[in-house]
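Heads up: the structure comes next, in structure tokens.
Per-chain residue numbering starts at 1, and chain names A, B, C and D are given in the order in which the chains are listed.
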Amino acid sequence: MNVILDLCIVPIGVGVSLSPYVAACEKVLAEARLKMVLHANGTNIEGEWDKVFAAVKRCHEVVHEMGAQRISTFIHLGTRTDRNQTMDDKIRSVEAKLAGL
Amino acid sequence: MNVILDLCIVPIGVGVSLSPYVAACEKVLAEARLKMVLHANGTNIEGEWDKVFAAVKRCHEVVHEMGAQRISTFIHLGTRTDRNQTMDDKIRSVEAKLAGL
Amino acid sequence: MNVILDLCIVPIGVGVSLSPYVAACEKVLAEARLKMVLHANGTNIEGEWDKVFAAVKRCHEVVHEMGAQRISTFIHLGTRTDRNQTMDDKIRSVEAKLAGL
Amino acid sequence: MNVILDLCIVPIGVGVSLSPYVAACEKVLAEARLKMVLHANGTNIEGEWDKVFAAVKRCHEVVHEMGAQRISTFIHLGTRTDRNQTMDDKIRSVEAKLAGL
């Protein structure tokens, strides 16, 4: 089962500058060889369910190891069985409709 | 690693009545013997990371098997290494502070 | 337009104990006379759109005034035009289906 | 108060193809002259609180008018008082840290 997932990890108790933790998670995801796109509010990830969630767990472990005692994470994910759809497909589909409005 | 997780599964393409799908997920979570509390916008779950996410994956499989071709799911989860904290602890902690305001 | 909304406000940069901030938000919501239910991962709120979102904004103002320089907030909300539905209705609907499984 | 917000609107009961509804919301946001970036799981928006939330409300109204009787929406938003930060700043900040890993 493939999944398209938006991941936003918020380390708590480490001050207001969170980019070092987000960068460490980007590194985890890249090392897991997942297709990923960073955006202003999270990271979009595409891949096989188990592989994706193993990487999400590893992100939590790494951020805790970096010193964050508490983490609040938000995930939005989609699965579908009617057809294969990539992250690029989703964006192109909206842009095509938008062009017709 | 223990996790407290809020799960909201939205089946897409099966009409506006979603309660049969939510009920099926509640059954999956109960069978996994996870501590869980249904609320108006999702289900709070408490347990060990791998066990919780195995159940989340099973929910997706079951909802697809029930006929939903597409699912959009929202998860909010917290982990902490400074202390053990249950779902009840979290609510009691806020209520204690609220009593003092 | 009525809305059922799940609100989770995460103050950043104020340490790992967030309950004083959550309690302050509960007070804001109560003073706005909104129907609300605290749960382990947020607060469910029911009310008219503008009234609910004015209270959400006031929560951000109050948490900033308490000293949090950064806030990350997660909201899940639902609106429907086919029928009136309360938070209690949503829970009862799932429980009724669950009883039949 | 400025806000950076991630908006994901899920129309329910209108089948599995949601791009026409997402495109209609993009149009609403563009007409509100908000800075916005479409991504695979939502739309990032940057602007003044009241202006942003007025546009979010208008999106709900438009999607209901298009025939969706039920909508489930997920919002992630951030505010900060320590400094001004744009969506581009957030991404650049992570990329700078990533370059140093």
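Note that a residue touches a chain if its C-beta (ideal position, glycine included) is under 8 Å from a C-beta of that chain, and two chains touch if they have at least 3 such contacts.
Please read these numbers as outputs of a predicted model, since none were measured by experiment.
Q: Please identify which chain has its centre, taken as the mean of its CA atoms, farthest from the centre of subunit D.
A: B
Q: Count the residue numbers both subunit C and subunit D use at their shared interface, divide by all numbers used there, and answer same if that is over half, different if under half.
A: Same: most residue numbers at the subunit C-subunit D interface appear in both copies.
Q: Quick one: subunit C and subunit D, Cα centre-to-centre, how many Å?
A: From the centre of subunit C to the centre of subunit D is 19 Å.
Q: Measuring centre to centre with CA averages, how many angstrom lie between subunit A and subunit D?
A: Computed value for the inter-centroid distance: 17 Å.
Q: Which positions in subunit A are in touch with at least two other chains?
A: In subunit A, 8, 16, 69-70, 72, 74, 76, 78, 80, 82 touch at least two other chains.
Q: Chain contact topology under the given definition, line, ring, star, complete or other?
A: complete
Q: Can you list the subunit B residues touching subunit D in their complex?
A: Interface residues on the subunit B side: 8, 10, 12-13, 15-16, 18, 69-70, 72, 74.
Q: Where on subunit A does subunit B make contact in their complex?
A: Residues 1, 49-50, 53, 57, 60-61, 64, 69-82.
Q: What residues of subunit A sit close enough to touch subunit D in their complex?
A: That would be residues 4-6, 8, 16, 19-20, 22-24, 26-27, 37-42, 44, 46, 74, 76, 78, 80, 82, 87-88, 90-91, 93-98, 100-101 of subunit A.
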